[in-house]
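Working notes, beginning with the structure itself.
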Amino acid sequence: GGKLAEYCLMLGDDALIAAHRLQEWCTNAPELEDEVAIANISLDLLGQARLLLARAGRADGTGRSEDHYAYFRDEHEFRNVRLVERPHTDFADLAAFLLLFGSWRLALLGRLTGARDPVLAAIAGKAVKELSYHREYAAGWVVRLGDGTELSRRRMIAALDRWWPFVDELFHGHPAEIQLATLGVAVDPAYLRGEFDTVLASVLSAGRLSVPDGAPVAGVAGRTGRHGLHTEALGGILTELQGLARAHPEATW
Amino acid sequence: GGKLAEYCLMLGDDALIAAHRLQEWCTNAPELEDEVAIANISLDLLGQARLLLARAGRADGTGRSEDHYAYFRDEHEFRNVRLVERPHTDFADLAAFLLLFGSWRLALLGRLTGARDPVLAAIAGKAVKELSYHREYAAGWVVRLGDGTELSRRRMIAALDRWWPFVDELFHGHPAEIQLATLGVAVDPAYLRGEFDTVLASVLSAGRLSVPDGAPVAGVAGRTGRHGLHTEALGGILTELQGLARAHPEATW
Amino acid sequence: MTATELATTELQRHFERTIEHDQRIEPRDWMPEGYRKTMIRQISQHAHSEIIGMQPEGHWITRAPSLRRKAILLAKVQDEAGHGLYLYSAAETLGAERTDLTDRLISGAQKYSSIFNYPALTFADVGVIGWLVDGAAICNQVPLCRSSYGPYARAMIRICKEESFHQRQGFELLLTMMRGTSAQRDMVQEATNRWWWPALMMFGPPDADSPNTAQSMAWKVKRHTNDELRQRFVDMSVPQADALGVTLPDPWLAWNAERGHYDFGELDWAEFKQVLAGNGPCNADRIAHRRAARDNGAWVREAAAAYAAKHAEGQGR
Amino acid sequence: MTATELATTELQRHFERTIEHDQRIEPRDWMPEGYRKTMIRQISQHAHSEIIGMQPEGHWITRAPSLRRKAILLAKVQDEAGHGLYLYSAAETLGAERTDLTDRLISGAQKYSSIFNYPALTFADVGVIGWLVDGAAICNQVPLCRSSYGPYARAMIRICKEESFHQRQGFELLLTMMRGTSAQRDMVQEATNRWWWPALMMFGPPDADSPNTAQSMAWKVKRHTNDELRQRFVDMSVPQADALGVTLPDPWLAWNAERGHYDFGELDWAEFKQVLAGNGPCNADRIAHRRAARDNGAWVREAAAAYAAKHAEGQGR
């Protein structure tokens, strides 16, 4: 029903917006191998987003298309966590983002493979393989940058510090999520924290890095990304993502 | 008639797009005094653009508004020279741009004050005072950066080199311009080169700088900005400029 | 009592008399160190607020949906830079330096108005910032036109005049949007929902938790308590919301005939403290942006200084 | 004749026989220095073209108007990075180094296909690049699958297969757009007008001005002359344009029954020379973008090297 659709939008928007930020790296990566890897990760996430948004249109009975959700919703209708919309300042930011996001999403979708909605379970099953690779790729760079040169180490630490305030939000379920979780349809993200912390601690220690300790960033009247309350960065993404499609609402591409 | 409207769009688009690039400096200038000055220059140019676009709508008899032209034309319908759409890499770029653009436009509008269209002449009369200030502000910075530190000098030279290939285009009139010029309605920009070169030589020598000597950048099959053939940079500007207005075509603001 | 102590007492008495008679302290006048420090803090935090306050609106300039609104917004943000300039100058009359104050802003040693740590997410936010945020600022600032410190009081007179103009422009944008499409009306309501409570927080903590108020009122650098000003703002805003046709997001909001004021709900002081502690939705972004502007401009300022030095010495060329 | 000279003559004869029998030269084989240099130049300029060719399309990925088109375009640009990788590897079998080749690209010592110095201005350009630019590339490249240099020939087989796929995708996008709104049709026509002549220039100067062709054909690293390939491309494209419903911007274009080919107008060789000389519409931008990527990535590559060195030595941790 409507709650399942809402949940698909949450997971779909996370993937869609994260994929967009990765697309910004296209032609800007430090090596061709990374060019290929980042495009690959972005394609995986874009694929997940398309399946999830399409599922939302079937679950809520409207039959709306993936493109309807991606191109014709306004900012406050997007349900992604704020983490995915933050800009990437440098390559250390990218690596840190992928490690944090990938570890969290892998834990989440790993549990969703056993969810009661067979479509969601199948999407999760496919995604888990992809996310394992994303996490591995990210971990490799976090370790190399953390334990590379003095400069790379400084940048890696700064990157982790920049992302950290947005990590807490990943584990605070929206009421719709938590309710669906009690029915076995969704995962309450609060339960993912243990796995996440374990993975993170192990990767960071391999890179001689510490877990950051900055405070979480507040929402507005308790509302954060899952409630449609975003950072100013999302507006820039949507302007770019939606501009052409909205300029030609009657077109087919 | 149509030709006059076309000409107003050319001069109006130059101002509109130049103003946009200056707006990007907002909250990013090196000092508050420059913050105020750049906003002021952008406001002046925006004001010129509004008058010129509105004049286009009356001249072509359609009565279309300034906003129609600014927000609902596609990229190839914009008639600005390519110079104004190029991104500003750093503050030296801004100073160089303002000097080149301001000197050219001042020479152009200075002659237009005697044009046969009284509206255009009046717009030019007002603009000339503004542009004198823009040119003066720019010249001050070009000289200070050119004759400041080693670093500022290097950046100033690099900035002039980056802009230079787009300067030649400023003096190649579009057939519509040249035809109107023979009627005393427009100015053939070829005649501005002498004044432009004199001003530039004097400012650059005060900053111990040389006139760059890079070759002009080609068009596509001879078409350049005045023919609606732009660089890839204009697409990014229009996405940002027009996105919101196009998302709400029925709205009034 | 030594001669110096005697002189100081005399000066102190003169200072107090000046305040008492509602006359103004000028830069050349003797003033207690506490007063000087308080004024530097107040003025520079006000200056910082103007500068940081450019950011939430500033990033809508390039996206404004009509050229008229673009020009209005650009002029407004320019005014804010101008306000920052006067205010830093006023602080400099007390011996502070602008670059030093900027460094303190960036290091977090000095604060700015908490409101600017909230995001401006739609173009309706531009209107609501004008209506509610500038409205609240005016409530706070009108009494400061009678501040006991002369340069600040004079700056405030000019600033308040411009702020009122901005507030009317913001309100007018919202009126236009409310008469537009339903999507526009929704946008205004949604922005109002987000900004209402943070605007009320602009008046600071409740009087009971505001330890500096008494001294500031004695020095006549503050003329009303936080709660008084907050009430005044609520009373002013409710009929404006009605005129616009938006609902203020407070189920407790109701006219209290007995008090002759509107009652209103409890503010989320936990959120307020979070924002003050640097963990609001945009604190880190605002400071990072300001830091980048300072750092990216350093070579330009150095070049200007080098040029000036060279030409002062008659060298160069 | 010394013994070394004798051996070289022997090797030279073996090399020539291999070429003659349409067998392949492999990295371990002896080859004349001229052949090695020519192959390094040809392969690395091809690699550069793939990498620079990512830019005009790449900046449309974030703006693609449907998620399906976004995925297709992202995958295509990724393939181009992959092609760059194989080709640099093929050049490395001849003793070249990737970082050195990149530096030559950025310094202008080595070229890339002139076509990528034209701007991609609308989303229709993505389709037209697939249809015409990839189409022309395939005409150029299919014969290279029989290049005498083994690693290059094998890379080309894989690349050509993927390019054909891209070409069909580009054509399919254009077909969809031509069946869409009139604004979309205009966009396709306008993009076709811009890309047609530059696509014809991809085959290089007229045979009369192509001094290296004879040696390259003798070495079987080139199999057809520029004008032969250009004619083949025109003959192939005209019916495709008809199928799409777009007009090719050449008034001289007409079927010549006598020749069994399409006649076509004169190319603007002055523009071609401008672009080759570095003054095309996007030359400076393309190189500046590639330089920025190289420079911004330097610290990352250094960190990876430092990490590898540390851990190879058993140090660190």
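Odds and ends about this structure:
First chain written, first letter: the chains are A, B, C and D, and each begins at residue 1.
Just so it is clear, contacts are C-beta pairs under 8 Å (C-beta built on N, C-alpha and C of every residue); 3 or more make two chains touch, one makes a residue touch a chain.
Here's who's who by UniProt: C, D = Ring-1,2-phenylacetyl-CoA epoxidase subunit PaaA.
Predicted model only: the values in this text are computed from it and were never measured.
Chain centres were defined as the mean of their Cα atoms; on that basis the chain farthest from chain A turns out to be B.
Counted by C-beta pairs in contact, the busier of B-C and A-C is B-C. With centres set at the average Cα position, the gap from chain A to chain B is 41 Å. Chain centres here are Cα means. That of chain A falls 36 Å from that of chain C. In this assembly, the C-alpha centroid of chain C lies 58 Å from the C-alpha centroid of chain D.
Multi-chain contact residues of chain C (touching two or more other chains) are listed as 59, 63, 183. The set of chain B residues touching two or more other chains comprises 239-240, 243-244. Contact topology of the protein chains: irregular, matching none of line, ring, star or complete. Applying the touch criterion to all chain pairs gives A-B, A-C, A-D, B-C, B-D.
Here chain D touches chain B in the complex through residues 56, 59, 63, 118-122, 183, 190, 194, 197-198, 268, 271, 274-275, 277-285, going by the rule given at the top.
Across the complex, chain B meets chain C through its residues 16, 20, 23-24, 26-33, 35-36, 39-40, 42-43, 46-47, 49-50, 53, 66-67, 70-71, 90-91, 143-145, 147-149, 151-152, 155, 208, 240-241, 243-245, 248, 250-253.
Chain contact summary for the complex, chain A toward chain C: residues 74-76, 162, 165, 215-222, 229-232, 234-235, 239.
Interface of chain D with chain A (complex): residues 51, 54-55, 58-59, 61-71, 74-75, 77-78, 81-82, 84-85, 88, 123, 173, 176-177, 179-181, 183-184, 289, 292-293, 296-304, 306-307, 310, 316-317. Remark: chain B residues 239-240, 242-244, 246-247 touch chain A in the complex.
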